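Just so it is clear, A, B, C and D label the chains in written order, and each chain counts residues from 1 on its own.
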Amino acid sequence: MAGYESGLKVTQMTLALNLVIALLLGPLMAGVVRKFVRARLHSRQGPPVLQPFYDICKLLGKEDLRSSSSPIVDFAPIVVMAATITAALLTPMGMRSPLAGHGDLIVFVNLVTIAVVGTVMVGLSSASPYSLIGAAREIMMHIMVEPVLVICLIVAAVKAQSLLFWHMAEGATAGGMSISMVIATIAMLMAMQAQIGKQPFDIAEAETEVMGGAFVELSGPRLALFQWASFARQIVYASMLAAIFIPWGIDLAPPWNLGAHLLKLLGVYVLVGIVDVVHPRIRVEQAIKFFVIIIVLSLIGLGLAIGGY
Amino acid sequence: MTTQELATQLQERFDAEQGEPDGLASPGWLSVTVCSDRLLDAIRWLWEDAGYRFLISAGSDLRRERGKYLVTNLFAQDEHGIYLAVHTEVDPEQPSIPSITPIVPAANWTERELRDMIGVVPEGHPDPRRLVLADDWPEDLYPLRWDVEHGIKPPPSDCQVPREPPPEGSSVVPLGPYFPSLEEPAYFRLFVEGEEVVGADYRGFYNHRGIEKMGCSVLTYNQIPFIAERICGICGCVHSTAYCQAVERAAGIEIPERAKYIRTIMLELERMQSHLLWLGIAGHIVGFDTVLMQTWRMREPIMWLSEKLSGNRRVYGGNIIGGVRLDIPTEVHQDVLDMLDKLETEWKALYKSIPGDTSLMARLRGTGVLPHELAVERCVVGPTARGSGVAIDTRLDHPYAAYDRLEFEKCVHDGCDNLSRTLVRLDETLVSIGLIRQALQQMPDGPILTQIDEDIPGGFEGFSGVEAPRGEVVHWVLTGDENRPTRWRPRAPTYANLQVVPPMLKGSQLADAPINIASFDPCFSCTDRMEVVDMRTDDEYD
Amino acid sequence: MDPLTTAVVVLLTGALLTAFLSRHRLMAGYVALASVILASISLLRLSLWIFSHGPFETVVPLLRLPVSGLRVHLIVDQLSAVFLFIIVLVAVSTTWFSLRAMELCKARSLIRFYPALLLFFATTLGVVAFQNMLVFLLFWELMTLTSYLLIAFETEKPQAARAGLLYFVAATVATSLMVIATTILYAHNPSHTFEFSQLRDTLGTLTTTKPVLANIVLALFLVGFGTKAGILPFGFWIPVAYPAAPTVTSAAMAGIVTKLGVYGTVRVFLDLLPPSELSLVWGSIIALLGTASIVVGTLTALQQTEAKRLLSFHVIGQIGYMWLGVGIGVAMYHLHPAIAVLGLMGGLFHVVNNASYKSLLFLNAGAVEYRTGTTELDRVGGLMHIMPVTTVSAIIASLSIAGVPPLSGFTSKWLIFERSIMAGLYVPVFIFLGLVAVFISAVTLASFMKFLATLFLGDLHVGEQVAHREVPVSMTIPQTLLAIVCVVFGVAPVPVLWYLYRGAAEILPGMVPSFNSLVGTSPFRVNLTLLGSNSAIGATGAWDPLLVTAVFVGAMLFAYGISRLGGARTRKVPIWLCGEEHSYQEIMYSSHSFLQPFNRYFCRLYPELPVPKMRMPGLLLKLLNPDTWITYPAERLAERLARAQTQAGGRALVVYLLWAVALVVIVGLVLLFAHT
Amino acid sequence: MLLSKLRQALICLLAGKVTLSYPAKPRPPEEGFRGYPEVDVNKCIGCGACAAVCPARLIKIEDVDQTTRRMTRLLERCVFCGRCAEVCPEDAITMSKQFELTSDQARQDLTHVCEVFMATCKRCGRCYEPATPLDRIMEPGFRHDQIDRGGDRCPYPELRAPDSESPSTDEHDEHDEHLDEPVSAQVAQVVEAK
């Protein structure tokens, strides 16, 4: 518990740290993966590493085309970004998160649900058939993937006997990786692949089928906010996976545990990148059938965890 | 059954006189004329009993020459390698002809085009909507008549082409005209319930550019091959080869052996790069961008090689009436062979990895099912047909250029779904590699172009079919006297394949619609035929 | 006279007055509203008094039945005070809403509606107030009768009559089962009274001496309360009754009747049944039934294409959450009190929240029906453009029922999930129940996205003759009231939890862990840190609504700042449909095809509800049809009286009022005289 | 499943990076490449063979007056088939290696007008182009007696004396019915050959 004697001083510092990691490291990591994993496997040079930042800055300046007059369309991106930032402040990124004492696993899951709700509301509020179909697919994927996310986190909670993140970060893998934690990690990886919309689960925003799904009618700063929020969400999921499910490096001294966390983050990103490059996109009902299997798998993990393995 | 026996049979049954017996008739070609009231039973006999496959029908305005409209229906008999043209003359005062679509469903589009282009109305056609002309084209203006001047721009009229309403309870999801998964403008209206497609309606010809009108009004014989080559962005050489062969057969010109081999090599080169391009596009549509990048990387050496051979990556510009313009010197052979070996090794590695990839199989196997009967009934051609077990390949059934001197077999799979169509294309690429190797070995020396001394005589028919990467390209030419053909009718394979897409889409998932359409490798520009505005009339073009 | 009886008396007089004023619909409405508000003021005063002084006890002279010197104790303890608060909240908002909403059933005169509504509220007070099982059952049956009148209000509509009959039969069967159970208990009660205190001891002895009989009694009670609450196998009447009833009735009943079912369960299984191994078994059964009804109710709601039917299936779904919370409380009390008390508080808090947003959702559906005449999801859309207040309240209600953090639904679901996971450490089955609840809360979110999308978002398309105006003020105020309640309970849940804790501690025997030990002692009691079982780890769960909401709002401002950074201009453009124009009808994505792949895969699970066809012999139908033997004679009598007055020269209204005042005075005298 | 994935990944990695950062590192076309047709005006004799044979019909020949012939080329529609270079008797047209021809004022940038000074042909009165009438006369193909070698440069057959027949499809050229059309203002500004 060396790094965790939280005085108010530590929380201010982690507040800034979490924000920086979520908002600035997110696009950077996406750029790194796009260049060194995806482009390399495509045998091409790949765009510059800061390309995501260039995209966001360009979009912020571009004209905002409005096709539906409902106020939800300009309110939802702000809510999605806010929910993602709050979730980022909740996740342990190497050290104890700023909102550590003020929110637990269920709060985190529901904050992420707000982000999905925002996207879906934007998709539903325009009359274009592509955005409606995209929003419907987003909901279906969410229904199937959120339970897997929750079950894996609960496996860690059961191992750590508590729902608070810094307990889980330490307790879950205290005695080394048990069987249930391994199963939970695999299931969590699959769920993460779907939550951040990477292949083979890039179904809600399939550009060749529904032209970007819920985002087809978005442009300008609103689209920039959604893209930045999705980059930040990728960091949140990856650091959740790295902090809780990958055991090493949590109890080092302050500067080193952050370094260990970033390393683990990079590892998770590369793994996700490789899986993303090597798979085509599967259909919605195939994804639903696939995730039923993943839910059963994680339930088995949970059963083992309760049994004490 | 040779052409002569067929001619006698048609003679007694439907008193069809044979076309003028000139020495120029090439072996597997027969042209007969039938009067319009005996036309239906002739076609029924050909379609049901004699097992003929419908190709295309062409309407020509011969009022200056014979004072009549001429409607030609073209058929092919693949076992015996016979092409048959059934002509019917229509008098201009009463321009109508009994529709053959109820008997031959594949003739649906061509007969609607007859009505659009020269004003001959097919009586009893199930779906007499306008096909080729734009919605706002005036009602009574038929572009292919000789008195309508080339390149006119009539004021837009406001007649609306009725659209098929969606069935009860389903909504319309438009796929096109400008859609990420279609490279060219085509407009599919998918009727969707939830994620399931319950119906589809196709409205195409956004890219119609009136090339046939150009062919018979402003271009000369030797200008057409270069314009024909630009009918399709990917498979250009097939069109120019088919056109040149048609004119050569009409005028009885014999091209040198070496030119035949060079044409064969150019056609096979083009087939390889077209299949590689298609596999990349299909991978991208299914979301598998790695396949796109890798196949287009393998394709690049072919493009460099064709650039070295012909001076242009894609539009070789090699064919001209009487032979070819570009030669393949012996020192280039070694480069070609090295490129082929490298491509073969990489292609075999890719070929082995595809069946094992379960997630790719999940998207390809069992989707976009085109049953064998529907393929035969709608006279589908090329890999689309060979994917549904229909064993037709123009290179073997109706040999042309140097194909009769090379040994290879047809690649036929009877899975009837996207996967089997993909496997057909993969096999064909390997076959093409083998063909080019054989052609390079057997290629004799000698001239590549016969000098044509006198003008091409008017009034003769030329016909030729070439196996393009997407299917059988057919060009029918009626030679004219002012150094240009009076009627030139190209038909791209997608023209036949697209008519089977709406029934095939019914029942599939919405997510599969783009890949099902792409598995036909549609080339919408081919279907619409390209045009260049004439410089001299200084028409504004944008 | 004690506040409870005054409330009941006010409601009774209100009922009588509205009966007479049924000719002037608006006047009757205002009188009903006035009486409800008066009753609520006295009830609120009573509940505040209870929370400060402990349970309120008086002997009600009214029912001094001569038989065996039976003296009836009216005891309102803190648990009942909580339910009083719910009844007040729902009664005020639904009556206020009904002022203009009843214009929908113009054909029917209101003589049967307002009296029945006020009687219904009066009987619910009775159910909550008495600690005597016999009186409890009496009021329970009266509630069934009055609610039957409310459901079968539009008897000319066949499905309303059928729904009423179905409800009446189901409720009566349930009550008869409970009567049987009470007689068994009464027989084994040495002191032969129906008081809860004695029954508690008899049940205690019964569980030890004759466990089989005790189980039967508990089973009967479970079925009785389950039917009224709407738990899966027994709640089949809800999807038939609520859509057929006028929206005001379904809002009132959804807010109160199902909650009283939970009240009954808590009374029997926590108050009467001493905590023991048996209560673990029964607690698990309750939790299992709850989870089953969560799953099936919500999954079936996903397929519905009619708004009220969708909401009624969600009633079954939400009741599941309450029973899950109560189940944890019942099962875990003897094993680990901290988890049990918090689980029970979670269940009760969900009861309070559900009362607010469930009736709000029904009011929204009523507003949509009032303005557009239909609640079919496909035929109406984009109401956000003409009904902003209803849309905002619908969004708040939908988000809070789906459990989105800053709103009230989340806090109760958070408590229930958290405690079910912690309980799972001891009794593994609870963890899986909690997980199923999480899975289904996502499905609830999906079905309410569909509800919002088809009714409110998207482009406006309503019937031609629909006026493009918001619903009248008298309907928007109750909606905003309930929406504010949802938000306030979400952001500041601790005061409500404090009252719930007092209510729960009241009925739980033995030493109950203190509120601070359960919920942590952060400043202003804002941060709920739930202490786990082994104190080595300390807090196991944390939820700080105020701070997280503050951070959320700060992040929203930050995001708004970013979006304004580029200074981009906005421009109106039509939808991009790939280049061709399409009419709206062509591309409208209908609601039944909304989640079609998911529905087809999952929802074959629960086929359409098998509703029995009721063909009753003519006589019984006539007997059960109240119109023939109560309403019409009363109406004719009232008319004759009115006509007599009008001949006396047109001062009818004033005479009415005189009559009303006279009646009140007489009733007051009787009560006063009897009391002394 | 995993085996085929690994094999695919292996193919990709073995191939290595193949893309160039294009504008920085240009990709030189192969030697036989047919790019932008460049006309050497000095060699051009204004015979009009290229105009006759161009598939895109983008060469317009006008005789401004008795002594100058203007050849306007709208090269934005050129299909780079190389027929004009192949047919030109004087090899004045060569296909360059330049293929980057996109520009926003494509009409101005790619319109190439060359004026050729011509002498008048005594027989048909049209002008033809010897640098100086005397030394050009010795050029092959300009002599009246060498007509059979298809050297008659006169582009207007119907104006030719009826007896000389030189039917060859390559050189065949139809009458240009728009000859007397006024030159549009845009093309009028004379661009001196590079």
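One rule holds for everything that comes next: contacts are C-beta pairs under 8 Å (C-beta built on N, C-alpha and C of every residue); 3 or more make two chains touch, one makes a residue touch a chain.
Please read all numbers here as calculations on a predicted model, not as lab measurements.
Among all pairs of chains, A-C has the largest number of C-beta pairs in contact. The most central chain, judged by the distance from its Cα centroid to the centroid of all protein Cα atoms shown, is A. Put simply, the C-alpha centre of chain C and that of chain D have 88 angstrom between them. Chain geometry summary: the mean Cα position of chain A and that of chain B are 49 Å apart.
Note on chain placement: the centre of chain A and the centre of chain C lie 37 Å apart, centres being C-alpha means. If you average the Cα atoms of chain B and of chain D, the two centres end up 31 Å apart.
Shown for chain D are the residues in touch with two or more other chains, namely 5, 8, 12, 15, 18.
Within chain B, the positions touching two or more other chains are listed as 171-174, 179, 192, 195, 290, 293-294, 297, 359. Taken residue by residue, chain C touches two or more other chains at 577, 587-589, 594-595, 597, 600, whereas all remaining positions touch fewer. Because contacts link the chains in a way that matches no line, ring, star or complete pattern, their graph is best described as other. Here chain A touches chain B in the complex through residues 41-44, 129-130, 133, 199-200, 202-203, 206-209, 211, 277-286, going by the rule given at the top.
On the chain D side of its complex with chain A, the touching residues are 5, 8-9, 12-13, 15-21.
Across the complex, chain D is touched by residues 40-45, 274, 277-279 of chain A. Across the interface of their complex, chain C is touched by residues 165-166, 169-179, 185, 187, 192-196 of chain B. Chain D meets chain B in the complex at residues 1, 3-5, 7-8, 11-12, 15, 18, 29-34, 53-60, 74, 77, 79-83, 86, 95, 167-170, 172, 174, 176-178, 181, 184.
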